[in-house]
Amino acid sequence: MEKLSHFDETGRARMVDVSEKAQTRREATAAAFVAMDQRVLAALPQNPKGNPLETARFAGIQAAKQTAMLIPMCHPLPLSFIDVAATITEGGIAIEATAATTAGTGVEMEALTAASIAALTVYDMCKALDKGIVIREVRLLRKTGGKSGDYTAADR
Amino acid sequence: MEKLSHFDETGRARMVDVSEKAQTRREATAAAFVAMDQRVLAALPQNPKGNPLETARFAGIQAAKQTAMLIPMCHPLPLSFIDVAATITEGGIAIEATAATTAGTGVEMEALTAASIAALTVYDMCKALDKGIVIREVRLLRKTGGKSGDYTAADR
Amino acid sequence: MEKLSHFDETGRARMVDVSEKAQTRREATAAAFVAMDQRVLAALPQNPKGNPLETARFAGIQAAKQTAMLIPMCHPLPLSFIDVAATITEGGIAIEATAATTAGTGVEMEALTAASIAALTVYDMCKALDKGIVIREVRLLRKTGGKSGDYTAADR
Amino acid sequence: MEKLSHFDETGRARMVDVSEKAQTRREATAAAFVAMDQRVLAALPQNPKGNPLETARFAGIQAAKQTAMLIPMCHPLPLSFIDVAATITEGGIAIEATAATTAGTGVEMEALTAASIAALTVYDMCKALDKGIVIREVRLLRKTGGKSGDYTAADR
Amino acid sequence: MEKLSHFDETGRARMVDVSEKAQTRREATAAAFVAMDQRVLAALPQNPKGNPLETARFAGIQAAKQTAMLIPMCHPLPLSFIDVAATITEGGIAIEATAATTAGTGVEMEALTAASIAALTVYDMCKALDKGIVIREVRLLRKTGGKSGDYTAADR
Amino acid sequence: MEKLSHFDETGRARMVDVSEKAQTRREATAAAFVAMDQRVLAALPQNPKGNPLETARFAGIQAAKQTAMLIPMCHPLPLSFIDVAATITEGGIAIEATAATTAGTGVEMEALTAASIAALTVYDMCKALDKGIVIREVRLLRKTGGKSGDYTAADR
């Protein structure tokens, strides 16, 4: 079985040393889903003066840049691209976030952090109507680049 | 139907003005669940040199303090207490986060942010074994204090 | 003549001690103007999928919360309200930012920082078309609350 | 006419993907002017114990490092040099800020952010004497490096 | 023997709940000493264009505001005053930092963080001459306010 | 005698321009010692539910990432590795912190900042028992890489 590289031989959490890893382009996409009932979805304003889902998008983009400050074992690294999409779908709002870098380590956590914070921002703006809104299925959809190879999540 | 206080009359997202709200004690507890299969759970080291779930706890506590930097319409406020618990349970790791303040607005977002970042930290430390780990059911469990009254989530 | 309270008797910059100041509601509004020619203004997209001036608004709101991190002699304080408006007008984009607190010191710098960063965000999004865009007239429009009394800028 | 690269085909603000851009040395210099009347300028202490314009310089340098946290569509990147100068001139204080990097994108926003925050810091330290101080002409003076070529602002 | 309030009954580190503590004025002063030999001290520039010890002072003031972000079990709180002094003395540079708040918990950590970062800033500016510079005796000098009473360090 | 590269010809503190420096692997290790008497050391909980020294380790790792935000003349740079060890020894707790990067400048300040903040975190968790705890001997142990050559501190 593979080793958990974030722990040393004594079980102590640690940062992985990526000094020797190749500086290649790496990209990751993550998703989150904010489940809310029809009543709340219908109350979400949508108009030319500023679609409120934009707030969630910007929050997600800014959060991706903060990832290493938030996740202890993450490496601070430059990011060459971040995008977050928030779409109203059946039963809630679907978030999808992508991050890219040219660095010695991947950006899965940057994509997941962007998706999570965008989802929390949607919750924040809707909680006056329904505190029971739930964020579901925060997960990695796919990653490319790096030695560990590409990954694509199984369908759900 | 109630109004979405985070949007103005034109549908533009905005921060709620809490200048006139009473400075009372407010507390909120949120949960998140990191679903992982038995193989990964069994690989998590647990020993006297440093239980790895501690990393997630600290990450959650520190993230709660960053909430207003992460969630655009949140007010920056002092916090009188933050705690995060991470427990290995059937099918994954259960996170529970509590925040408290004496201020003019609630701390639901602080509790939810702490729970989310703690869950992402668990993901980060386990992703070498399974990139398919999913964070589920990020939600508010209960809140007390403030004019909008107490809230307790329905059982699941 | 009044004293410059941000300097001690030897001329050294210092933070003013506000421990004894009354905790009252204080509000400030600041403005900035991003001057750009008609060609660039016409190129700014405006549509239901997300008015780009929203980006500037959110950047300004988030920057207000960072004021004490940015301006050395500013006190970190809770904010009860922040709002930023960005409006296309003759010759450019007018920014207006308001901040409020209940604290022992004013929020002029929070309003000015929000206006400045919102203006810089507009520059960032338009600089591909015209690097010669200029930010003009970053200034305090009015403040209320606090011992030093209310202030309203003279018309221009 | 050129495209506004910060907006997608639907007019949504977005970050430009710089993954494929060459990592070359890029430098930018920006200016700001803090207009104040002679009375305030004369009151500024200048002595061996600490020239107060130093406060503005340090604030500008530190702000340049925060640029990507403040301007949503900016990429987080390493900086190889930052300098800020603050000079008392006829009618006010002239700020000039320079930033440099070896990266796939330019540092105009870093230079402009440094200049803006340095100017706001001057305002903060002088506002006890005159709240009507205005920050004028925040603008890019020149940039070098990168595919879009060099730029030098026209004289004023 | 007194209890270590930062640990729960199972020995787990935790934040102390200060919700019920009185909001009173609290102040703390801390010191640090940067030991360096006469050769380095003599090389430190001191002139009207900007005493370099100012850099250390500003770094310390800004660091005090970041204390809760840096020290996990510290509460984020407003600060009503911060000051840092850096003085050339026999054998090195003496740092003294003071912080004050009106809050439910003390500011010892804010004063200690300010003193530590100011000392590190001095090291940074002198390390080109002597990497063997040592920071000694980072300690609390005194605190006032709060239920635990006043404290004054014994002479050394 | 060597020049103090952090000051210009007029004695003004400045950031060193590292644009032309080679991007090579650089590593630095720093130490700090938290002196405390036997009574406090004995009270430190050590158990499987979470060794409290872990709090100090995580605080140090996270602080290393904040170095450029804290130390004015430090360059923001990616880090490929950070580790902090905290060990109970005779008379106190010994901290050792290592940072590594592949960049145009060294990481001494990152290692020293990590060691200092880890030491302050230990102080914070023990100050309820003894406010007289002192942090001693914050110093660079060794560095490798870069043009200025390797460095190893003399024994003490």
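Some points to look at:
So that you can tell them apart, the chains are marked A, B, C, D, E and F in the order they are listed, and the count of residues begins at 1 in each.
One rule holds for everything that comes next: a contact is a pair of C-beta atoms (placed from the backbone, for glycine too) under 8 Å apart; a residue touches a chain by one contact, two chains touch by 3 or more.
What you are looking at is a predicted structure, and each value in this text was computed from that prediction instead of being measured.
The minimal number of chain-to-chain contact steps leading from chain D to chain F is 1. The chains that touch both chain D and chain E are C, F.
The interface with the greater count of contacting C-beta pairs, when A-D is set against A-B, is A-B.
With centres defined as mean CA coordinates, chain D is found 16 Å away from chain C.
Averaging Cα coordinates per chain places chain C and chain F 36 Å apart.
Work out the mean CA point of chain B and of chain C, and you get 31 Å between them.
The set of chain A residues that touch two or more partner chains comprises 12-13, 46-47, 49-51, 54-55, 57-59, 62, 66, 69, 72-73, 78. Viewed as a network of touching protein chains, the structure does not reduce to a path, ring, star or complete graph. Screening every pair of chains for touch gives A-B, A-C, A-D, A-F, B-C, B-E, B-F, C-D, C-E, D-E, D-F, E-F.
Chain D meets chain C in the complex at residues 1-7, 10-13, 39, 43-47, 49-52, 54-55, 58-59, 62-63, 66, 69-74, 108-109, 112-113, 116-117, 119-121, 123-129, 131-140, 143, 148, 151, 153-154.
On the chain D side of its complex with chain A, the touching residues are 12-19, 21, 68-69, 72-73, 75-78, 103-104.
By the touch criterion given at the top, residues 46-51, 53-55, 57-59, 62 of chain C touch chain A in their complex.
By the touch rule above, chain B contacts chain E in their complex via residues 25, 54, 57-58, 61-62, 65-66, 78-83, 100-102.
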